[in-house]
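Everything on this sheet refers to the single structure shown next.
By written order: A, B, C, D, E and F. Residues from 1 in each chain.
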Amino acid sequence: MAGAIFFGEVFMPTLPPIEYADASPEVRAVYDDIMATRKVEWINNFWKVLANHPDNLKRTWESIKRIMAPGALDARTKEMIYLAVSVSNGCEYCTASHTAAARKAGMTDAMLGELLAVVGMASETNRLANGYRIEVDERFK
Amino acid sequence: MAGAIFFGEVFMPTLPPIEYADASPEVRAVYDDIMATRKVEWINNFWKVLANHPDNLKRTWESIKRIMAPGALDARTKEMIYLAVSVSNGCEYCTASHTAAARKAGMTDAMLGELLAVVGMASETNRLANGYRIEVDERFK
Amino acid sequence: MAGAIFFGEVFMPTLPPIEYADASPEVRAVYDDIMATRKVEWINNFWKVLANHPDNLKRTWESIKRIMAPGALDARTKEMIYLAVSVSNGCEYCTASHTAAARKAGMTDAMLGELLAVVGMASETNRLANGYRIEVDERFK
Amino acid sequence: MAGAIFFGEVFMPTLPPIEYADASPEVRAVYDDIMATRKVEWINNFWKVLANHPDNLKRTWESIKRIMAPGALDARTKEMIYLAVSVSNGCEYCTASHTAAARKAGMTDAMLGELLAVVGMASETNRLANGYRIEVDERFK
Amino acid sequence: MAGAIFFGEVFMPTLPPIEYADASPEVRAVYDDIMATRKVEWINNFWKVLANHPDNLKRTWESIKRIMAPGALDARTKEMIYLAVSVSNGCEYCTASHTAAARKAGMTDAMLGELLAVVGMASETNRLANGYRIEVDERFK
Amino acid sequence: MAGAIFFGEVFMPTLPPIEYADASPEVRAVYDDIMATRKVEWINNFWKVLANHPDNLKRTWESIKRIMAPGALDARTKEMIYLAVSVSNGCEYCTASHTAAARKAGMTDAMLGELLAVVGMASETNRLANGYRIEVDERFK
């Protein structure tokens, strides 16, 4: 069957994580900043896979670092919002990693229960509002 | 053209809001509880349209009342999570009404800006994590 | 300000509906089949806009005609599932048109209330299952 | 490396299922009602994980019990709508569990095939309606 | 415990892939056309599971074949759009299979990086536009 | 009814667009860069509303400018991917503005028709893949 083309033999859909030891100086600089900023000593898969495209890695990290820094909202509230959105968007990776991040930022088990209750309730009423095709009240405009 | 069937003449897709004056005692009791709980003197369209199906009205209100009461999370944080989810789910009505509710609960303009930044950022990385098909780290499992 | 390029003057983002009187024979044939199949004497905007790309019009209509014909499921059940999905996907046009279509196929007001309750409930538990990252039971695999 | 903080060692993102033997009387009462109502002798993971927050368990079960009881729509139709929504929302757990539940309620293999065809078709036209930015017909308003 | 009903013992939620050797002539004809059109010598799981409902298999394949053929857009651009949508919809299977298909059609690693950057950015600004409830400019209408 | 609290009187959910004439130097600098980069002489509502939070305006513009610049993918392909994602996410504003932007970058009417056909088809098969719970083929992993 010479000449046959098989998808799987030729193309690799998933990109491998780039380990620190194998990373370019540009990528290592981002890794170092992630670990310093978060006070951790490891890099999670999200960044190691993004490192296949250093521009995506650098830009995404810089945006996250800026957005997640405490400001008018504290770090825990930001992490809980991040988690709520990740659950709503159905992202398993982000749900797992931001549950961990929110806990690290002080989210207790009771808070997680209430957060998920709000996420579920909002999703229910979002559908009801769309399903009933409810007009926005003048006072909300 | 006798006998022709036209959608628009026969069927009404959108249900009308039920005003207090026209509501059954069962519906009025829910309206009264909404106004008392929220310390407002009007009912927004969401509840007035749900009132077409009193069981949906009653059940939804009872769940929301229980879930949104302050607990491990304060009311403002809950409203902000509700808003973040409504934006993520693309519900215009709920985005409008819960922006108002979150402001009423103390969300400042600066907080709104940070909330939306987190919602946007989470949506971006949610797609990146799915697009790169990133495996959940062992430590997050 | 000669030479300035303005979006709005040059580009038209929205395509106009193609009325029967202005349609090509190919498009008219589809319009005729829609009216005959549905026993109506008008064409709704969805088809009139799709007619800008006759291949999209024809292919979409042929698929819908085949899929929505009564089979193991009756027409009303199919229309209600169509409506539930349109609400879940946040499509306002389809929610409006398929509420009308489901009513025409026999959906009563009480059925609509129960349908929306199920849609809302499912959306709530979908988020809870993802948020809690619940493993699929062996018996469901 | 004393003092280093590692996500994985300290935080547990996923909550464990609560088995009947380890459950509080409050949780057991819900489990008993689930088994009695559904005429089964086991509890699936969804409820066992929700039991980490007994209020979420109790409220969710009570709503589902009320909503899924036969009314204007029979149990099979309700389960099929639940399944269609779960597929649309991309919830793997709920797709698996409600495929099983719908089959138990009488959904045949042919019905499943037609249900999925409708779900797919609706998703396609939902996007076309949004992509073409089609205005809702006057008759549907 | 005679008479007890267990979900898992009685109902099979997931349908098995239909292998070529076990397929009906109708299904084999579709498989043959897929392999001939794509110049491959195997059938991926998507089609083998759809084959449980031959009408779904045939209709879906015929639509895809027509839509994905080069036209005003070349095959690579079409595959990249398909991939971007699959990522946005959170479909793991389709993300994996259409990453492979897009690579086969000529998408380089650098193109994938830019594609995912655009997908992420669009998702971010989609949420910002909805969250800020921004009115469509007159010029875009 | 002194002392009554009304949502609508006190809270403004929607933020006003900031016109060039009223903008701070920081915001004007971004507006100037947008107009210079895009070779237009007006600012669309998206940026004018984001300007309420100058940090969101600046960060979002800088990311978009970098991501949408031609690279391994040309500007037209990037705009079409942006549009496909906006349609999939159900963002009306972004669908309108990026249809205009893609047309400006060279997307013809025929290309738009094929783009929407691919978006619709992908959404259909995304749901089928999830609904049938199809396992990713070994060759795609």
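The criterion applied here is as follows: a residue touches a chain if its C-beta (ideal position, glycine included) is under 8 Å from a C-beta of that chain, and two chains touch if they have at least 3 such contacts.
Computed from a predicted structure; not experimentally measured.
> Using the touch definition from the top, list the chains contacting both subunit B and subunit D.
Intersection of subunit B and subunit D contact lists gives A, C, E, F.
> Farthest chain from subunit D, going by mean C-alpha coordinates, please.
Taking each chain's C-alpha mean as its centre, the farthest from subunit D is F.
> Select the interface copy of B-D from among A-F, C-F or E-F: the correct pair shares over half of its contact pairs, counted by residue number.
Match found for B-D within A-F, C-F or E-F: A-F.
> Would you kindly tell me how far, in whole Å, the mean C-alpha position of subunit B lies from that of subunit A?
24
> Using mean CA coordinates as chain centres, what's the subunit C-subunit E distance in Å?
About 20 Å, centre to centre.
> When the C-alpha atoms of subunit B and subunit E are each averaged to a single point, how far apart are the two points in Å?
32
> Could you check subunit B for residues that touch two or more other chains and list them?
6-8, 13-15, 42, 44, 52, 55-56, 59-60, 63, 67, 88-92, 96-97, 99-100, 110, 113, 115-117, 119-121, 123-128, 130, 132-133, 137, 139-141
> Name, in rising order, each residue of subunit C that touches subunit E in their complex.
Interface residues on subunit C, with respect to subunit E: 6-9, 13-14, 55, 59, 63, 66-67, 137-141.
> In their shared complex, at which residues does subunit B touch subunit A?
It comes out as residues 13-15, 42, 44-46, 49-50, 52, 56, 60, 63-64, 67-68, 71-73, 77-78, 80-82, 84-86, 88-94, 96-100, 108, 110-111, 113-115, 117-119, 121-130, 132-137, 139-141.
> Under the stated contact criterion, what part of subunit A meets subunit D in this complex?
Residues of subunit A touching subunit D: 39-42, 44, 90, 96-97, 99-101, 103-104, 109-110, 112-113, 116-117, 120.
> Over in the complex, which subunit F residues touch subunit D? Could you list them?
Contacts found on subunit F: 87-88, 90, 92, 95-96, 99, 115-116, 119-121, 123-128, 130-133.
> Show me the residue ranges of subunit F that touch subunit B in the complex, using the header's touch definition.
It is residues 1, 4-8, 10-15, 52-53, 55-56, 59-60, 89-91 of subunit F that touch subunit B.
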